[in-house]
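Below, subunit A partners subunit B and then partners subunit C, in two separate complexes.
Showing the complex of A and B:
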């Protein structure tokens, strides 16, 4: 047995090295891949193999940030993160599709309004040698969710979309007042990136630039914590080594939509491990993979940011209840809402069947992504789960403009009777004129500055269809 | 005619014709114009057939 272990360890070391070297060569030298920009592989941690242990374990090393400043070098000292403005700018401008990039810091409580936000990401980096950052998207392919990850807790990288205008699904970030305290992003130190992409770039190119910038900056900052210790460490795992004692504990699966194909995806749109999810069928994921960079928000988003996935409250809660043996969390089935009926039938049936026969779930939690069509798919999947003997809980949000309960429901199955309402779009606040506005264009800056009232749905983090909201409604 | 038939059934529609997709209920961007026209004719014809058929309680 001892020999076998050392053989496996030896093999891992042997297999890992050429894998990384090979990948680097492929990444740097393959002339057939015209990425239009240079990839600085040195800033990206190396990949790794699939889990060698049956139970995937993720160590999250939290480093609290209570101040963010520009400095001579990017360094984390105590709770202060200093950022080398010029160094970061130079690194990000290696992407030849960019003309320029403006980098600013926005602090909690500051009279500052930011928009239109493309995405918000928590700065993170894998501990050197223990995995890949955003594998398949930024780093070389590896299975996310294992090893150690440094997290700069209390900070965020926020990327502005230069060609978006404020609208119903466009996002505004408010740094002070009630809207800020009602959002999980209001009390964070934001590094705000406002890029200028080459003129006449097609929309999907602009979006790809934004996506790559967001993850590159997040890892650049996260690497400031490289090798640093912290006493705030969290371990995430679905440890089932104590199998016997789990008898009688309900087995719960989570069916999570990660995109809705009523909005078509771009060829170069990375969502899951760099894949654009087109033609995707339900896939089984370890919950750690979602927490650790396998998944980012799609270009078309409705109330979700990548920061949310990195801190997915539903997954964290299920894992925590797994640890306390209230439930056995059997895993995440990632799926997509379909545009076509045939895809809908296939995805809904396969997701439900996977929960039943592969995960042997006793019950299922379901969430949706985006608007009305995903609502239908989630309802249909829940109906199938119930028919297979698995009670369900679905999380819905408002799909109606008139606030009538009956028009908010796009499914009505008596058996799907545990419904959690995830917040509507009509909450809002009167706001004053901010002292500072960070926007993609002067036009957007003016619109943002002149706002007198902001709807919750137009603010980052107020409502979230998958279970992150700081506001609770009460019916009197 | 709809690409989301579960909703049509839920609200009690008695004639439901399945469209191609939410993005294009009566078309398909992935096929040629001629094929798309044929597809559209097909779906509309189905709808007309449905309209002219009797509906009975089941």
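Showing the complex of A and C:
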């Protein structure tokens, strides 16, 4: 590590183009550097940061995909996406931490089971010159949520975790039958990437490799739509905020946990604009930023994939109710669930006060990340909001192992009395043996193949905690 | 099975008497002719008011008071064969005796169904009715139902175990309450699914079930916040369970003579996990010897808990079970003695009922071992 630090310090002194290539060469020439600390540097701002546009307006150009095939080159023709298998493979293998990568296509309705999923991303690319792809993580820093973004709607890049342990069934994708129809991912065309990382790589390096190749592949595919027109265009803009005609319409803020520090974040774990959120305090985001690549799922995830951020159901609902003037959506306060009491108190206090004083919210909606403990941060923030005169609604996940309502809640504030209750604990489907299994190892493939029943919580997309889930836990 | 059969059906059935399936059905239906046992307090049993509250338990053949209407409301040829009456005070003071008496009567009467009340707001009556229904359900295994107002103390005690119809406080609603009781009994005896508490009129048992809706959570969140900010009514999908407050114990008056134990729900176990502690919702706890240790060593312990990043604990188990610091305090005379074992379980996603039992068992052990105070470390 010492070597690397001095190397970077020394290196910044002669930062010349092409930065990326030179950095890689230095690694190649210095065998003393622990391979585990190699970083795939992609985010480089040349000539300094670009100023933000005058208005925050995002144009989403949707291109519907109804077929995905391998072809000689990566081309979007009509609704068919042809992918240059070898070209993509070569591009991804530029990351020298990768040994090999298997690339397959899985289609809706196919007898195919996939797992254990690291992440699912919607293929997207910024229209050339109108912004940066996954800024701070892949592309150079630029405020996300402006300009034009091409979206290959109906498709996904799905990355398999090669370190998954056989015997545990979680984060599975089923392409056929009832579980497929119940999941928002069941009707997508998936480009499934199953990478093999260099032997003995530390876990965080494996995860960083997966993260980088997931966004690279998503943009690689998205670029097939460069310059193409579509009649499926959505405009996301909130400039009506300044409009006087919004008087009397309740101002609603969204306090969103984007990570939970139940698990320690890794140094090289990019979450928000490439930041690993360590030490993060609540910050204000324009909802467009989340929809447009500022945010990806962390390494340790529960019930969320980056695809959900790109199509954030709660943000889209808030924007739609803003449009219909039922509410004025004042913005997103991104926060993290803490692992220390002082961090928790600081974050809760700042998030609530920001909603009150900066956003002047009349009401606040809150969602949480991860497992049980982050409920406490959300509950405390909601309690503070209520005490400051801002009514709240929170979405909780069912935490009752015994299916008893008394075990369901992890906070107990009488003021926090409007709860949307996400379920999943007793939803599941009987499944047969699929014809094809895509997994990271033969052991995991066998586990997936032998599954007789799939729990809702083990299936990607079913028990999402950010507004997508249609399963409600109901108290009888 | 399950369809009410009347005389027209029987006539029709004669034509198909050769059909064995039908004969089978016929037998089943004959057996479901319902024998009901009914429990009432002294007031509804017609003995008298509060001045008769100490009246002991007695049993009479046939229906009395509300039982007369009840037997008409239950499907099929049902009959209250036995009514048991007891004064509220007597029942409150002799609950075990009354419960045994009723269970025996129900068995002797070969009852198919058991009903207690309705009790409305009468607290002693409600508690007795709940306890008796729960006992009959558990010991005899037949459908039971009672009815109370939500404020009745019997509700919190027994709502999880039995169906309690929400009777409200108004005794004038007797016939509507009996209708709801009969309706739920009919469903129970026919093994039909019991619907949502609001549809069926019972007080929620606090059991969580999944439902798949048309609208996603985002839509529901927005509908709710719009209603709430406008001051309009909204319905939370989960209401908080009220818990008894647990008073803090008195401070330890003399720490220098106190024996201190460490209890953790962070799942620390000796290497190899000798008790097979599960890493989630553990139903067991372990106690592990630290009598000769001044410092817990990395490598000697495992963590059975999936809900937190346990690397720091694996690096130094004293971060979860601080034996090192306790020994220093012991040495310095700040505390009397460190108890010879630490107690550990995995608190992750552990249901309340289970946690309560684990806590009680641990407390019992430590109390009997003469421990004066406990340091609880949670993760």
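Convention: the second predicted complex is superposed on the first by the 407 of 476 C-alpha atoms of A that agree within 3 Å, B and C clash if a C-alpha of one lies under 4 Å from a C-alpha of the other, contacts with A are read in each partner's own complex, and residues count from 1 in each chain.
Note that in this section a residue touches a chain if its C-beta (ideal position, glycine included) is under 8 Å from a C-beta of that chain, and two chains touch if they have at least 3 such contacts.
This one's a predicted model, so the numbers in the text were calculated from it and none came from an experiment.
Engineer: Once the structures are superposed on A, label A:340 by its partner contacts, choosing first (subunit B), second (subunit C), both or neither.
Structural biologist: Touch status of A:340: first partner only.
Engineer: Output check: A:412 vs subunit B and subunit C. Expected answer is one of first, second, both, neither. What do you get?
Structural biologist: both
Engineer: Looking only at contacts as defined up top, I'd like to know whether subunit B or subunit C touches more of subunit A.
Structural biologist: C
Engineer: Tell me which partner A:326 touches in the superposition: subunit B (first), subunit C (second), both or neither.
Structural biologist: Only subunit C; A:326 stays clear of subunit B.
Engineer: Report for A:379: first if it touches subunit B alone, second if subunit C alone, otherwise both or neither.
Structural biologist: Only subunit B is touched by A:379; subunit C is not.
Engineer: In the overlaid three-chain picture, which partner chain does A:456 touch, first (subunit B) or second (subunit C), both, or neither?
Structural biologist: In the superposition, A:456 touches subunit C alone.
Engineer: I'd like to know which partner A:262 touches here: subunit B for first, subunit C for second, both or neither.
Structural biologist: Touch partners of A:262: subunit B and subunit C.
Engineer: Contacts for A:421 in the overlay, against subunit B (first) and subunit C (second): which applies, first, second, both or neither?
Structural biologist: second
Engineer: So which bits of subunit A does subunit B touch that subunit C touches too?
Structural biologist: In subunit A, residues 262, 264, 339, 373, 412 are touched by subunit B and also by subunit C.
Engineer: Which stretch or stretches of subunit A touch subunit B in the complex?
Structural biologist: That would be residues 261-262, 264, 339-341, 344, 373, 376, 379-380, 410-412 of subunit A.
Engineer: Tell me, which parts of subunit B touch subunit A in their complex?
Structural biologist: Residues of subunit B touching subunit A: 3-7, 10, 18-23.
Engineer: Could you please specify the touching residues of subunit A with respect to subunit C in the complex?
Structural biologist: 182, 250, 252, 262-264, 313-314, 316-318, 321, 326-327, 339, 362-365, 371-373, 391-393, 395-396, 398-409, 412-414, 417-427, 456, 464, 466-476
Engineer: Across the complex, what residues on subunit C touch subunit A?
Structural biologist: Residue list for subunit C touching subunit A: 160, 194, 196-197, 204-222, 224-226, 228-230, 234, 236-241, 243, 280-281, 307-309, 311, 348-354.
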